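Just below sit the structures, each encoded as structure tokens.
Below, chain A partners chain B and then partners chain C, in two separate complexes.
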Partner chain A sequence: MKKFLALLLALVMVIGLAACGEPAGNESQAPASAPAGNSEAPESGEPVAEGPELSADGRYPAETVKIGFVNYDTTAQQFLSLQDYFDYLDDYFNFEIMYSESLDSAEAEFAFIEQCAAAGCQGIIGYYNEGREESVKLASSLGMYYWGQGQDPNVQEACGDDPYYLGSYYVGNADYEYGKSVIDSLVAADCHKIIVVTGGKDFGVQMFIDRYQGMMDAIQEAQDGGYDIEVVYEVPGWPGTEDFTAEQTSALATDADGLASALSALMWIQPISAAGKMNSIKIAAVDTPTADMVDLMASGLFVGVAAEIPDVFGLGVPMIINAVQGYGEEQRNEDGTAPLIDCGFWLITTAEEMEYYSEIEQEGGTWCFDADDVRSILYDYNPELTLDDMSALYSAVTMEEIQARR
Partner chain B sequence: MKKSWETIRNYFPIFGFVIVVVFFSIATKGAILSGTSLQSLLNQAIATALVSIGSVFVFGCGCFDMSMGGTLCMTAVLGGYAGIASGSIFVMALACLATALVLSLLKGLFAAYVEVPLFIVTIVLGFVLSALVLVIMGTETTILLNDAVKPIPSFNFTQMSAINIVALAGFFIVCVILFNFTALGRKVKILGGNPVTARQTGLNSVNIKLISFIISGVGVALAALVALLRIRSVGSTYGADMGTDVMIALVLGGMPLTGGPRTRISAGIIGALTITVLNSGLSMLGLDLAIIQIFRAVIYLAVVYVASMTYRTNLLPR
Partner chain C sequence: MSKSTRILKNIVITLAPAVIVYLFFLLITNLFGEPGFGVGDNLRVIGYNMVYSGFIALAVSYNLTSGRFDFSVGSVLILSLIVGGNIAKEIDVPEPFGAVLMVVLVVLVGMLCGLISGLFYILLRLPPMVTSLGVAMIFEAIGFALFDSEGLRLYTRQDLLIWTKPQNSFILLALVLIVLIYLLNFTKFGYNCRSLQTGQKNAVEVGVNEKTNSVVCYIIAGGLMGFAGIMYISQNGIIAPQTGLSSSSFMMNAFLPMFIGNALAKYSDRNIGVIVGAFCQACLSSALVYLGAGPSMQTVMNGVAVMLFLIYVSNNYKFALHRAWREKKEKALGMTSAAKQ
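Then we have the complex of A and B:
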């Protein structure tokens, strides 16, 4: 009995402390509707005569905007690049990111979103979304803006009218296009017998199903055009398993001259080298540009890389800052729904392009969308901003287009 | 003097929980004790707490069950399919209960009649259940209650917190009564403490084990149901860490995993709350992700060391 009295006392103490604690959640707040005042010029020397109010250290906005970031793999190259990009933006904009650990279920995702609300976050970037529209609804019910995953039609349909839902980037049927681009690169490199690495296609993972379909349609189109091309082997699953290694060995025993991978193909280099086929197989893959890949492209082993641009996910930062600063209505479609902002992707076919993209997309780099680009899509800096302007900026991603903005 | 020290040591898990709460209250400047955060903590702790409370009976009688994750996942998936097919919360709840009870009964029969170390059987069972879930779900990775033939009512954050409180309080009170105020609790402790003595005193170990697993099954069914209502979806990886979470919760709650006389029903809830406050607090501090992992490991070791001072038996079965 004494033990339960002690337990009861502990709970009473916790509840008592709860009553004393300051509420960090903001579920009762309505979306801001009025823009922040513009008063001081930035201290960073930007050419803004009468700019928005800044923080004490000269960053915009004056009050720190805390944003939760829902992630699925803290070791993924793209995530690491994105972290560097946020660190870069942090020098110019007054925001703070609260990263999740590697999440693998809707339950864990919900828990993190709730933790974000308790920690005082005002927005969520859905880099990973297992709970689909329910994740958006949860963030909304806790008074936080949610950006990302609008390519899922269910999310857009269920939450498009929610004022706390800010939409997402949109790359069309991006994964399908990645798959097509990979095969097109191999066709351009005169490959005819193809090993196809399908990733999670057989496990029902939609992005891999779409990439695979893109590959198959590109092969069919090439065949219809009279080009001699065929799939000689399919390798399912992910590296790191005995099954995958066995499939690699079997695939390399064929007379394939091309390898199309729906995921990073770096794990193929050593097996290809061991099989003595470095000069007889060419690789095209969906991957992230890195410095290591420059030499691989220069050597001719890699002939094409379709790459999602990490910075694209950074669009969530200005979208959330705009909403917090009271421009939520301005950045919605005419019918009041959350917008999908058109974004491009990279198809890298030369070592020069790979070197450029990998150099800008790293710590100390100038990035695809630099601070000036981001500033141009903040309403306090650009009151005439339209959604078309955002789409135009985020679609202009080629080397020439980026250099033209610098 | 010695008796006083023994008494104090019994409260170490509660002290550990209070210290964790106080530490993160200070570190987060009270944010972790805000209304939103407390509801969030409850929502996060609910599944581990329900499964852990039920598991106290199973571990208490010396049965080392490592299949909680697979059992929870299978229960939630079959419950989810039943809900989608019927559009009824009631049918979904029945399916959860039936699945969890059948699986728990199966484990209870193994524990009672088969002379194979139960932890090996349950490790294998966990793998089998996870594989079966993949077979049942086919190419789907997630099933959604929104696909139900009739709309299944949804509950907002506050409503879900209320449901969780009712489910947790109800199950906890029933288990407290069963464990502390009926002969079942004493029998469980005797069986876990020394099965030979228990047999020689005439206790029916088969019945005790079966009842313990059935109670554990009810906890799993409740956990699966509240998860389905809250998340409105279930994936093939749901509950994957539940087996280890339950063991950590019980140890943090001050209970030896070998069961016996030190078994206490409060271990399930104290341990689950400690884990949840720890994880949430670390996340809310916004520390580097690697630092969080190291910090969590150090705290686990410290709390387990302190908790281990309350018993002298080894962790693994004799």
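Then we have the complex of A and C:
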């Protein structure tokens, strides 16, 4: 029986490995690259009149650029969207992403970065960064470019001059801004008594601390401006525990008319419904746009969603490709330090916006930054490119601005 | 002691922890000027937590009492909910049969998961903790791969989420308890189960089939996690897949009720004892929230409660020994004084 099980296991592994490979004939199906400003790609093998050297299947650059991706939760909605975005970009650009598992410590992060170096990666995208500047130094010592951690001043200070550190996107203190926006949405919706859902704030998770601080400052600003607003209950933690359920029930027993959540608030819909308060409480949350939320916004239950744009992390791909292609110096600040590219985020307040953003940010969607946008920030396609151009592109994220680019 | 007196005494001892804990926290919260504990909405949430954690604790108890530490129970909850719930969502059945159908489907998938766990355990002959870690990872991965990794989202389907209403959840719990009490006390499986718990080697030598019994325990545990999943989704309306063994956090709700249940088993039935334990834990959680304890303090207090209870359970034989010694001493003193006279 044991031999049979061992054989069965081996067979399953072989099938699994085979399933990971490229499907037969895939090369001929992959779209070829095209000059900037044109998504229609020539057929594979067809000579391209102008532009940089391409790979055999018509993608830029000619040699595959391998990039390691440090992740903290493989099930997170934002990560799943980002994976789809990379799959989309992969049709146009010759890069390969090596994803980590869900990492939960600096040690695991360092081990993954070392694995990436051994696997021939030329760059790392730091989507998760527990190791902070040490992760950048490690990647640099292994000859890999590192992109990410723009919000952390210590990283800029310690590694800003390192030619292997490529900088990052920058939304100011993004989490702080998300928190502020959530409260602003509730104020705009005429809410006065607020339940604040703090997520991991009491567990010392920095992003939740920042979001919470943003919320509190926004409340203070509203009060200073003469608006009557107060926090009637704070709910810490996540669903699945008895404490969270008890906190939810106590919070909903108050006379709150607004709920500000530092994390997804979808788990509040059923309790609010069970408490018979669907028409008396409005919700604003930090979340990822999804099709489900369109109806929730149309119904008036959700009045604001502050959302990080998944594509923003895709900026790491062109910046790493630029560096690998020898344009590392061109995409640095005048003083030689690594740049922070200004980026926007979404504050979604209408069902129409939610529908648009959720539609573009899914498999088969047109995305916030499409292949043409990405091509426009590659030096081989746009030799006149400046850092200001990058910031201008990544800051233009409203529905109107995206539509104007299409 | 007459039979009726003994039964009455056992009933009182079984229910005493629940009553004492409830009254204790009622007194404390009122003393701290926080009335409202244990009544109205708060009692409803205590009831919900009792049923939800009770199902998980019952599931864990069927294997852990026989020395099988099952890490996969959380992943069974998630997978059974994702598969059974999504199927139920697609089937158009009039109210309230949709909710009942969802229970049936989720519990059946849970039992199937339990069967797979049990078969892995008896076929691989590895330590149960090792096997269950592997099984948990497989179940987590399957839950993640299915339905576009979206898990189960039912917050727009109020017709399916009826099980947090106290009358519904208590009916569900009562039906499950009746079946479990019958299984554990009045069937060959139950006798075998208890004989294996008290002495596996002897039980196997007298002909008890340990493998069959283990698989049945895993199936029961799987079904119970399905019921716990129903309670979870009815409260939260959404469940996301989890990976990296993070599903194991679901079983953290199980320990205090299970230890209390085991301690009360000699007075009534382990299943009832577990539910009494779940009620005590739910009172503790709600009281701490009422008293304004932060998450860290709640975690510490829950840990302290489990530790104190374990210390008591591990040492309570000393009280019996002391009582026996005192009785013996009194008897000896009585004999000595009688001899002197």
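Things to note:
Methods note: the second predicted complex is superposed on the first by the 357 of 406 C-alpha atoms of A that agree within 3 Å, B and C clash if a C-alpha of one lies under 4 Å from a C-alpha of the other, contacts with A are read in each partner's own complex, and residues count from 1 in each chain.
What we mean here is this: a contact is a pair of C-beta atoms (placed from the backbone, for glycine too) under 8 Å apart; a residue touches a chain by one contact, two chains touch by 3 or more.
Just so you know, these numbers come straight off a predicted model, no measurement behind them.
By the touch criterion stated above, A:Pro153 is placed in contact with neither chain B nor chain C. Of the two partner chains placed by the overlay, chain B and chain C both lie in contact with A:Glu101.
Of the two partner chains placed by the overlay, only chain C lies in contact with A:Ser250; chain B stays clear of it.
When the two structures are aligned on the shared chain, A:Leu266 is found in touch with chain C, with no touch to chain B. When the shared chain is aligned, chain C comes close enough to touch A:Glu242, but chain B does not.
Within the superposed three-chain model, A:Gly276 lies out of touch with both chain B and chain C [touch as defined at top].
By the document's definition of touching, both partners, chain B and chain C, reach A:Phe203. In the superposition on chain A, the chain among chain B and chain C reaching more residues of chain A is B.
By the touch criterion defined above, A:Thr74 reaches both chain B and chain C. In the overlay built on the shared chain, the residue A:Glu133 is in contact with chain B alone; chain C does not reach it. Residues 74, 101, 104, 202-203 of chain A lie in contact with chain B in one complex and with chain C in the other. Residues 1, 5, 74-75, 77, 80, 101-102, 104, 202-203, 236-237, 239-243, 245-247, 249-250, 252-253, 266-267, 269-271, 273-274, 292, 295 of chain A touch chain C in their complex.
Contacts from chain A toward chain B in the complex involve residues 3-4, 6-7, 10, 13-14, 17-18, 20-27, 74, 96, 98-101, 104-107, 110-112, 114-115, 117-120, 130-134, 138, 141-142, 154, 158, 202-205. On the chain C side of its complex with chain A, the touching residues are 41-42, 44-45, 48-49, 52-53, 123-124, 144, 149, 153-156, 158, 161, 164, 232, 234-238, 240-244, 246, 249-250, 252-253, 281-282, 285-286, 288-290, 294-296, 298. Residue ranges on chain B touching chain A, taken from their complex, read 10-11, 14, 17-18, 21, 25, 28-40, 43-44, 47, 137-142, 144, 146, 156-157, 176, 227, 230-235, 237-238, 240, 264, 266, 270, 279-280, 283-284, 286, 289, 292-293.
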